[in-house]
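Pasting the structures in now, so scroll down.
Below are two complexes that have subunit A in common, paired first with subunit B and then with subunit C.
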Partner chain A sequence: MASADQPKSGLPGVKLSKAGVMSFLSAQGILIFFLLGMLAFSLFSEQFLSQSNIMTVIRQASIIGIIAIGVTVVIIGGNLDLSVGSMLSFSTVLVVDLHDKIGPTNAILLMFAFTLMIGAVNGFLIGFLRLNSLIVTLAMLSAIQGLVLIYSGGQNVDIADQEGTWFAFFGRGYLGGIAVPILLFGLLAIVVQIVMSRTGYGRRIFAVGGNPMAAVYSGIRKNWCVFSTYLISAFCVACAALVLGSRVMGSQNNVGQGYELLVLAGIILGGTSLLGGAGSIWKTVIGVLMLGFIQNGLLLMGYPYYTQWIVTWVIIILAVWLDLANKRKSLFTTHS
Partner chain B sequence: MTSIKGFFRGRAKIQPIWIFVIAIFIFFSFMSEYFLSWGNITNILVQTSTIGLIALGMTLVMINGNIDLSVGAILGLAASLAVGLQEISMTLAIAAALGAGILLGAINGLIVWKTGVNAFIVTLGAMLGIRGLLFVYTDEQSFYASNFAFSDFGMSSIGPMPVLAIIFLVCVLIMHLVLTRTSHGRNTFAVGGNPEASIDAGIRLGRHMMINFIIVGFFAALAGVLLSSQMGAATPNLGRDYELWVITAVVLGGTKLTGGSGSIIGTLGGVLAIGILRNGMNLMQVPAFYVLVVLGVILISVLIIDKKVNVPSSKEVRI
Partner chain C sequence: MKAPTQSRRPVDAAPILKLQGITKRFPGVVALNNVDFDVRPGEVHALLGENGAGKSTLMKVLAGKHQANEGKIILGDEEMAFENPKHAKRAGVVLIHQEQSLVPEMTVAENIFLGSLPRKPFNRVDWRKLREDTNKILETLKCGFKHDDLVGSLSIAKKQMVEIGRALAFTPQVVIFDEPTASLTDHEKPVLYDVINSLCEQGVGIVYISHRMDEIFHLSHRISVLRDGQYTGTVNTADTNEDEITRMMIGRSLELDHASKPNDFGDNLLEVRNLSVKRVFEDVSFNVRKGEIVGMYGLVGAGRSEVAETIFGLRTPSGGEVVLDGEVVKFRNSHDAVASGVALVPEDRKDQGLILGMNCRDNMTMASLTSVSSMGFMQGAKERVVYDKYHQAMKIKTPSWRQKVGNLSGGNQQKIVIGKWLHTHPKLLILDEPTRGIDVGSKSEIHTLVKDLAKSGYAVLVISSEMPEVLGLSNRIIAMYDGRVTAEFDGDNVSEDELVQAITGMGKQAQAS
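The block that comes next holds the complex of A and B.
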């Protein structure tokens, strides 16, 4: 970009000199920032880069990660899902409560059915009635939280016989030396990534999110596509509820409160645009893991737990800003 | 032209939410003998003043086509500052609380203006970060007001009207006049209606948006100060989920998320609808959980009705 688009008033848009270096920096900025952070963490704490610590971080991040995979699909399709936090509360309370009443297998099946039903309601309202996804899922956030409280009567639920049930497998089990939540997270990420990048279905979701009108004109059934993204999101939430319920063997009725924001933070950090039509599951996995390592590193360095939120604030904005700056070739916007 | 059209659209249309407000008002008057008393009505006004004040600022931000998710965190921080610093000086405490709101609003606005990052992302980050600041500042402790003048203020009345209700109604009037009678209000509609055209028309878009973020930050802080004076205390979790209630109220009031239309009178209706529902269902001894479900259902119904009543825009493609 030449200097022709210098603004006439206000602060001038700062031009990136040494274009090559700077554009590399801003394109990979967040990754470099992240690697520097990892380096600093490992200098300050010996445990940080140990295998057991890394596995712990990934395991802790897996619940947010599993949900984030589904929400990424919704976002690629051009919508948002804020209801995942309440849905996680709902599904976890449901599966834990039903476990003792009708047995683990039936509880899991029923939980998946009900969670998918909520996803279908979201999908119907947004896909077929074309309501604004932000408001619909906001309304669902409140409605589902209300349903959880009505269902549980405000009581927390737990599983009586915690040792003698195979239900523990999903949250506490190991398979080939790797924790089951990590395996589930990895498996879902790989499957959904393949579906999104290698199948016609995935291409249609990208098309719908990128340019809905063009997608409709080229014969894509947009309504069904949007509807299906919410089913995928609900399925991922159900998987996360399985892991969470099995790990804790109990559930508070607001256990998922605020998850929607952490999930979004991870997705944004990974670099998926909220506008739709772009993004990938890999990016989301990296973003979620980054959040996990930042949290873990700051804790190991002895900072208070909530410092991670302040750091997240800064790096979320930095990440999106650098990405934008790289696209428009100037750090600042030019309007006054 | 957009600004002029927006100007009239914002004023002339009677918001359907008011029909709903009147309907539930009549409904609850029959259902509960306590509902229709002066004490209860002023009570509703006091209860809604917290969400209501923030919603006034949020209306401007949302007409701009932006959104502010950080208001709940700003409210919490302002409340803790107002209570926590009053051992040093009452004036300082309140000034610090309101100043923090203005400053954080300005930071949000400046970032949106200078970096061009979507307001949803900027304020989502701020929501986490400010809550983090709040927890670090309070060390996860609740503060109790040591100055009784402070907690008395939240309970006081002038004649039959509680002071908090008066402050709220005065702010409603001021913001209504700002939005309908000033150039800033006109620009708010113009910016939301068509940002590019408003830049071409000479509106300083960035500054304009920043002022609106400052306004909502100020109102969030004011709501925090008033809420903590009502309770005589501040907890670090105060204001959690308030952004959701505020956005719900503003959307119920007919403001579009896409920007360009909305009104303070509509927002007042949205706020009252939530307040009356909560209060009325409480009086009917419905458990508080049900209010959440009812609100969700109403919000979605309003969207569906809005979609059916208003002619679909030409951008939409029917399959």
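The block that comes next holds the complex of A and C.
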């Protein structure tokens, strides 16, 4: 094939072989697709590229983004976490409900403690008992949703004095002109990215996800590593609950429903492999933002919100396919 | 081992299959370099070579699993380009695998015709024809099982017969046997020989890959040898002997270099006392002194790796104790073992030794992360120093430390695993099959390194299934059979016969000093 001799990115007008175009498309496909989409949105809607809209999109994406940071760590470690959606419901309901009962500080501390406990249960079952993470977190997804309903008795909760509490800072506040959720998202992303790429701990997580057996044979305590990734995931969910509860000043019982899929969508779109051992927080941040812009653009173009579901997953399937095609240098399999 | 009992004259016929100038490259290694090979109808052509010499690769090229970068495959008069194993099978070239690929839950008949079950209209399986066809094949095999036996209930030898039956279903012209006797007991082998002979009589060409000289001299008409991916020649079995073949395989006669072995021993570093793991091994006792290399010799499945894993904290002993440097140690996991100065270079470097998707440097520091970090943060510069040190000391050939280890050759991969463990500064170094599947050059470099390490005070335990390796390295040799230590030998004064007896359970009484 001539594709190896072709430059990866050619200028328009320069003669390109079909193979060269294909390899460029499949290597950069999802980005091109995204840019084309952005272009289309901005043509159809003048607001789309306005500063206020962009900030709104990022702020909306920050809750999914914060959770996705934690789940990315779990995935790099070679597991999955599907329980984050109902954990978000649980934590948000808890912190909002406790706010009026025991005060914001205690409510936040207690909410973090309980959320981390759930993470610890996940981590124990998956890290130490070595149960399958898909099954454990799927069970947890369901169980915690039940727990929320028991706790709240089916009632939605809210905060009585929405103007007078400093709790509003996390969801509604601004620091230096930037919304606090965005700051929190950015801060968490930077810290976790540094932890994953620069510390021995991060290296171990990559090792455990890349080849668990080799990690164990290298004297790495795999069980603890896996356990810890679920604590990080739970911590991120707690942060997201803080932002969500504070922004809405109330919570429905099922506020986090479906978040696990949105989070996964963002991670996959960013290009982190679900197989573990590879990926980065940056990729996840980019994926989550892409997701946010796509959804926002569709809304601005006047499509009903449920079209997002279809479009998002079509894009994800495309992204996965193009990624695979790039690896095997062909859009279709050569062997059956 | 015994001298060849009988040799057979070469078959005088034009080859049915010819390989010409086959070259196969993998990233970072040339597995086959301009190899010629042919098979005549009705002959057994043995293919020999050390581990990593390229035998299996050549056969995979032949059977369509790999595609050669250069060279021709000529079957009959026709040049073939096999795209996949199915294509090769249809053309009449079948590879019988080392690892069995049967479905245990299915019957013999279903396994033999798996993927090509006879059909009736509407895509229904023609069970009657399946039964008849299977019985025809089973008649040729003359083995004691029926078409409707479940494969899972058969012994290993019989499973292998099913595997051969599967090959026969394609009415093959050439059948390739890759180490077919590796998992057979001595009294099961003649059955296999009979099948091979009857295939020959039907004019099928047989390629026979094995390490075992006695088998090859017993069965084959001609012998071809590969060394380091190069074709070194073909000889008629009747005109040659084991010495010549050995020379062809390793490029020199096998001379054991006893003089370079370490000879200055210190105190006991490792003492294993009556160590047991239920249903795996039992009552294993031995010791390793500082500066000494102890070889652990035995067949696959004798429990050698499991003993090593138990010392390394990966298995919990059900009895006995491990004494390290005078202290009884009880490791909860491998982390504890590493912290106490035990290093294990595992048997399977791809699954246990390396993280293939990571680069060379990161793999090198994987077992000693705290030494290259400060306050939990990795120090890139320190990592580079460590990497460069072992990169130079061990002559690892990589373009850069950024290279993913998955792209390196086996020898270089193994050097990275060894480097990784040396940097943990262990007291006890356990090497499990340290040179399996790597090229001869790296092999001798690793052997020299191991001897140097012992001389500088390491206690070294080498587990190996290769007799030359065990004899060439060890001061003492511990033989294991079926989960037990059967004998202990002085590494300089032991005959091959004694060793073979000890690891096959024949010499349980043999106790050399």
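Going forward, the second predicted complex is superposed on the first by the 313 of 336 C-alpha atoms of A that agree within 3 Å, B and C clash if a C-alpha of one lies under 4 Å from a C-alpha of the other, contacts with A are read in each partner's own complex, and residues count from 1 in each chain.
Note that contacts are C-beta pairs under 8 Å (C-beta built on N, C-alpha and C of every residue); 3 or more make two chains touch, one makes a residue touch a chain.
Since the structure is predicted, the reported quantities are computational estimates derived from the model, not experimental observations.
Here subunit B and subunit C are compared by how many residues of subunit A each touches, and B touches more. Looking at the shared chain after the overlay, A:309 reaches subunit B, while subunit C stays out of its contact range. By the touch criterion defined above, A:277 lies against subunit C but remains apart from subunit B after alignment on the C-alpha atoms of chain A.
By the document's definition of touching, both partners, subunit B and subunit C, reach A:213.
In the superposition on chain A, A:45 makes contact with neither subunit B nor subunit C.
By the touch criterion stated above, A:204 is placed in contact with subunit C alone, subunit B being left untouched. By the touch criterion defined above, A:221 reaches both subunit B and subunit C.
Residues 213, 216-217, 221, 335 of subunit A lie in contact with subunit B in one complex and with subunit C in the other.
Every residue of subunit A that touches subunit C in the complex is listed here, in rising order: 198-201, 203-204, 206-207, 210-211, 213-221, 277-278, 335.
Of all residues in subunit B, only 111, 113-118, 120-122, 124-133, 135-136, 199, 204-207, 241, 244, 247-248, 251, 257, 287, 289-297, 299-300, 303-304, 307, 315-317, 319 touch subunit A in the complex they form. Within the complex formed with subunit B, the subunit A residues making contact are 10-11, 125, 129-132, 134-136, 138-147, 149-150, 154, 212-213, 216-217, 221-223, 257, 261, 264-265, 268, 274, 304-310, 312-314, 316-317, 320-321, 324-325, 328, 332-333, 335-336. In the complex of the two chains, the subunit C residues touching subunit A come out as 84, 314, 333-335, 337-339, 344, 346, 351-358, 362, 366-367, 369-370, 373, 376-378, 420, 424.
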